[in-house]
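Below are structures written as structure tokens.
Paired with subunit B in one complex and with subunit C in the other, subunit A is shared by the two complexes that follow.
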Partner chain A sequence: VSWRLGVAAALALLGLARLSPAALGPCYGGRLTAGVPRIVLGSNAAQPWVAREAGDALVGRLVHEGLVRLAPEGFPLPALAARWSAAAGGREWTLEIDPNARLHDETPIVAADAERSLRRFLRSRSPAAVRLAAALDGGAAFRKGATALPGVDAIDARRVTLRLLEPLALPLAPLASPAAAVTGARGQGAGPFVPVLPVPGSRLALNAFGSHVRGRPLLDGLTLVALPNPEERRAALRAGRLDVVAGEAGVGRLTATLLLVLDPTRRPFDRPSRRDAVAAALERETLAALIPGAAPARGLLAPHLLSVESEWPATRAPITGLLALTVADDVPPLLSQRIVASLTALGLRTTATAVDSAVARTARAPAKLILWSPEVAEPGLALRELASLAPVPRLASESLDAADAEIDPDRRRALLVEADSVLRADRALVPLCVFPSSFAARDGVRGVRLDAAGTLVLEDAWIQP
Partner chain B sequence: LTPSLRTRLLIAFGLVAVPPVAMLAASASSLIASSLEESSRRRLGDALGSARGRIDELRREAEARLAAVAREDLAEPPASVADDRTVASAIAARRGFETFEIVATTGRVLSSHHWSAGFDLPEQGETLADDPPLRRVAVAEGFGSVPRLALMPSRSARWRGLPVTIRGGPLLDAAFVGGLGRLMGVETGIYDAAARSWIAPPDSPLGRWTVPRFPGLEAEGVETLGGVVHRWAAMRFAGDVWLVVGAPRTLEAALSERFLRLTLLASLAALAAALGAAFVLSRRIARPVRALADAARRIAAGQRPGAVSAAPGDEIGELAAAFNALGEDLDTSRARLVQAERVAAWREMARRLAHELKNPLFPIQLSIETLRRAAEQEGAGHPEGAARFARLFRESSDTILDELRALGRIIEEFSEFARLPRPRFAPTDLNELVGQTVALYRPRAGQVLFETLHDPQLPLVPVDRDLIARALGNLVANALDAMPDGGRLLVRTAVAAGEVRLSVEDSGPGLDAEQQRQLFTPYHTTKRGGTGLGLAIVQGIATDHGGRVEVRSEPGRGTSFALVLPVREAPAP
Partner chain C sequence: MRALLPAFLAALTAAGTPGEHLDVVGHARTPPLSEPALDLALADDNTIVVLSAQAVALYRWGRDGLTLDSRQLLPGPASPVRSPGGILTPLDESGAFWALTSTASSAALYRIEGHQLRLVSEASALPWAGSPEGLRYHPGTHWIEGRIASLGPGPFLAVEPGLAVERDATLRGSGQASEGGALRVGSSLASLGDGLLAASSADAPGSEDTLLLVETTGEGWHVARTFPVEGAIRALAARGAERTWRLVAAVEEAGGAFHLLILDLAREP
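Right, the complex of A and B next:
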């Protein structure tokens, strides 16, 4: 009997051992290969503030680290800054650098690194930087070229103080921008992975950074592969050449808004009635139904950032004329075709011209169709970023300013909803549907997720043995 | 310049040969060009017909498929169709439609294959014609849609229990048009005059035709497209839509050019043959004619012409034979004439010699007879016989001596005439020679008034100075002899027309016509004691110098002799 019990116990142990890795949780080791549509920068990954593509945003997220991160609710979380404190009635914020924070060359990160990085950030084209500079003491002048920046001060080796002109609701939220990443004097990052083998435009190999502020990543390394063709990415995933594919239907999160941006200063949309007619002609439900996982847009932002309930005009007054529509090349063609068809049915003989997605945001056009996601997943900053795409009605500006100054979360949210409503009512920004950012991973790949901005997070990924 | 007979013959042959060949070449070239053009036009017309036939065939196929769709597919939609929006695409894939749509009676698109984004929107297509059923439809492309022409017959059907219209057929796009063109071997395009756009393959030259104009229902013409001349034909397809076919005229032009080259070569060959024949014939004709001319010139120069050779049997041969016979007769006559002149000359010479010798002999005879009689009388003891004999002897011996001297002079002159040397030419200033000669005769002038007139432009002339001086002296002496009672004598030099003229003009009694005719006859003289050889010597000297002696005279108005010498290189000795 004892002999039989021994054999049964051994078999049970073997079975448990077979199941144990999953049951035991994350484990270290292994390399993961991720497919992304494009990697434009590649070897310039050390400059996260110029990232234009989703692939580059992912690289930035892997290579760099900021002073703070944002919680899904929009509140700041410690990153390189271990803690912070407010003073002077909320006009002075002092951030203390984590003593374990290291750059990729193992140099300890000091306050001077943070100050230098903040000065670089404040002069960047980041909308979050614009907002922070406007709030900082001397920030506006600094952006215009002044060297003095009293609003940012490294008071000792570990602490940096931000001095604001007025108290802000979430003063540290702009620091969660990828462009605000802290880098060394030679551009070295502090993110969870170290770039080791860049092949510009096509491939980037990274190794785990053992001294990362939140600890070593579980993976030994990562390889990002650029595959522009979705079919090719899908096939590579099926064939096992890729472990994770960004942009592929799978795990998704509504993060991007399909926006029709009309220029109210130019014909034919210089009249509000025409903008109303266009907004009414585009059926959001129909558009959303064309893309799996998409939803009709209610407000300008994704619902998890700012949930609103809205009504859209029902009038369909015909408009005649010609319309040249600029379309960002990351907009699904089927959606663009449907919008062109709807506008043509309205009476506008519409021709669509595709341009690079980053170019489309700044292009001057009577109408442009863009797939927009915020730089920082915080509704106040996101609405301000959106407001930079079109002339902002005075009421909207007032609401945004009031929201920035409002500490109470509920009242702040109400003000943001009001700003959203005013911005939409002008019909210069016409949200059509909300898009999911998504990824697909092969079996056995765990811990991959999307952040609030829709960027793939591979820091906690691990491979099931 | 008058061209030679051979040249004229060559030109004549060329003129006769080239125009017909050129006319033939031009006619043939024109015929070929028009034939090629007609062939090209027919080919394009056939291509249009074929294209139209192919379109009708596609229409019938599409209509048959639509009937099948109405009968089968709409009654039982494919099981894989999850959404009505995609029904059209499923049916199109099953039936092979490039365009297919289901439209409600309200005009809303229920499902569209080619414009999948247009479901539930008012249809945006536009029917351009019913035959063929041509529609301009929106076709999804890129991030929007583009208008395209499609052959879309339609029919009524029922779907989901509702009446609908279904349409479907091929797109008339560049690929379709390119296929038609390849099938027919011509450039093919569809021109939408309303949109001013071409549907043609990217490399088609028709696409480069910016603003074509097609009047009427059918048109044709020639147009340069992409630097190449094309012949085209167009047929109104529907509304402002034209089906156009074209073909480069490269082949046509190449054939025309090749034929033109051939005709040019043929013309050149004909011309060469004509000129060759003309050359040979003209040579055959001109050679005896030229030989005849040369022979005639020799005859004119007093030479023996020799026989002229020519092929017997033709006119030229007969002419040559006649000329040869004439030459032989002329030789015979000339020989006879020479013989007669020689006999006459000898007779004349004998007569003159007898006459000249007889004249002195008679006084001698008389003197001798007188002396004999005087000697006989002295012998008879005539008292005054000795004194008379001595006187007669002296007188008679004087007479005999005088006549003997005259005989000697006569003999000397004859001897000199016979010994007249061949001239030795040397460039000579004739003005100076005239001056020296005149100076020799001035002492003999007596009552004669001497005048000289020199031409300062007189060139150096190659003459024998001594012979010319003798001839000029003879002329001056004759003039002085003609004016024993005085008068005026003018010696002048002049140059004109390549000749030098030395003239001696006197104001003597002049010569009548008979005297002028006898002037140069040897031994004819009007002067007592003259030998009649002076002017003959002058003429001989002039002839030896290649010149002549001219005489102008009228009775009572004096006489002018001119020694005319050519200004040229000295003749060969």
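Right, the complex of A and C next:
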């Protein structure tokens, strides 16, 4: 989602669009046109990919379907897998494919499709895949190129078993990653919509998939139109050329974190005191006030994922020197300018360079400013994903391992709060603000919502007659 | 009038449009149903058939509240439908009725025997008066397909003998001209007879719905009374004669639970 909202209108932060029962509806039929900042199809439009940010996951969510989805609390919900069961003290999980599960060419989905898709997923760059591979029997070797993968086994036509090295909390959560979608041997998807007319980078028409596992979507189809300029999207909505616009003030929820990532292995931030000074110099309330709907960050994750109480260093020891700051191109310029000013006032002569948001995440830089939302909206996986962005103290890794081994939800949450705290204490990851994902829709468009990762969900959208 | 729960008086205020002489003379609200209701039928004033996407259930409403007497799973494999629909035909003198849902592959004929439901027969389409081919659901939706004499080819959102709601929410009656006097209603409909019908509203989604009591006149439809209802009316059934009716509504609450609202209506002279 582009965050260059640049508008004075305040967001109505309503959280999830409340799915009130409709007096008339939901109704079938009709098509919607949705304006989005960009349409990311990956190298092959028919294949799932690892989304770089929430907005990029949109097409994947429309075209593809995984074995499970996640409930807001992080527990798995049926998707292509209708049910699952645990054995061997929680080390074996067998998922049963829904007999109604079909690929877009109407081929029934079988366990072999799930196994092949899991093998593809486990070799992807998805952070959730990294986590699952580490937990699976033979998963680590498989990621390095081994052919054998004893941890994934299609035991018959309908069931696939995951074998873990040790029992794990929420072991199926990584399967909710868009990159874990199940595809056919020829790349056919199984999501609620079938892509029919992609114009790379600018337009994508999709038709309702009549045999989707949760039932045909309510719409007959939809068209995504890429309009990077928010003013253009807004004008198109006003003119009636668009029915739904992503990133526009309307319905929103806090899903992304603005992070300053400092490299503790390189100057000038190899000294903890300098990282403390930077963390203290950046006033979160002031930064959040610059963006409608944003809030000062308390922890690393959006509060609906993990609510924490935090304190920040108050000492502002001056630092002198030069700083090259890498800024992801989806960070609002208002914010990056303010941050550069604060760092300069601290004594750092700062030069900011804007780079593509995906490049910024992996770039090696003494300091980088990124807008981050989790690949999978589950706090344990989200914190692990964050921990991969910067060298983290051993204590943080130990906290995350302890949380993964803890089955009790309350005790696990307490361990995750501790891990969040340890990750922040090192000041390699400095959360500044939490940001809203948002959308606006014209009157009469119903059922559109945002998922916990901020991705627009259109499969339950409908048009009031 | 059987004793109805006064606690529910507040749930249904009779502050509707100024009516003629049609009044709610008693009402009650049941505890939550175990599953969402797609349609309702009344075997007698206190015996209610509830159709869900998976099953047909027979409830008894009495001094002990709502009692489930019998529940039968619908025959055949069920297909997933995001927003399913269902139809129950009115019960005949023998207590038999047809059931069809958009998740099922066939229609099923049931009979009430004592306090039990018995599956009698199956058919590829739902037998319906005035529809030689019967009614079916358009695959994967809740659109009712099938030509009904004097009501047109459909598809419809709801049907009752002599009545239908078209896809654009327009109410159609077999005795009504298609032009003029058009009324938009929701997808729940029940005929009370004597030129009177009940319907949910075509209102925008929200936490409240409106129950419409509609009279047929020579010029078209006339909304005689409206009653606000907390939740969304998902199904209606009625029985009665002359000047008194029992009307039952299946109401979906904001959280997704369903309950029945039982109303006694009377038309005062």
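Operating definition for what follows: the second predicted complex is superposed on the first by the 433 of 465 C-alpha atoms of A that agree within 3 Å, B and C clash if a C-alpha of one lies under 4 Å from a C-alpha of the other, contacts with A are read in each partner's own complex, and residues count from 1 in each chain.
Keep this in mind: contacts are C-beta pairs under 8 Å (C-beta built on N, C-alpha and C of every residue); 3 or more make two chains touch, one makes a residue touch a chain.
Because the structure is predicted, anything quoted here is derived from the model rather than measured.
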Contacts of A:Gln188 with subunit B and subunit C, given as first, second, both or neither: neither
First (subunit B), second (subunit C), both or neither touched by A:Ser399: neither
First, second, both or neither for A:Tyr28, with subunit B first and subunit C second: second
Touched partner set for A:Gln464, first subunit B, second subunit C, both or neither: second
First, second, both or neither for A:Ser373, with subunit B first and subunit C second: neither
Touching partner for A:Leu325 - first (subunit B), second (subunit C), both, neither: first
First, second, both or neither for A:Thr94, with subunit B first and subunit C second: neither
Superposed model, subunit A: greater residue contact from subunit B or subunit C: C
Touched partner set for A:Ala352, first subunit B, second subunit C, both or neither: first
Overlapping contact positions on subunit A, where the subunit C interface meets the subunit B interface: none
Touch list for subunit A against partner subunit C, complex: 18, 20-29, 99-100, 210-218, 446, 460, 464-465
Parts of subunit C lying in touch with subunit A, wherever the complex brings them together: 77, 79-84, 139-143, 157, 167-169, 185-187, 200-210, 231-234, 252-254, 256
Subunit B contact footprint on subunit A (complex, rising order): 286, 325, 327, 329, 331, 333-334, 336-338, 340-342, 344-345, 350-354
In the complex, subunit B residues that touch subunit A: 115-118, 120-122, 124, 138, 140, 142-145
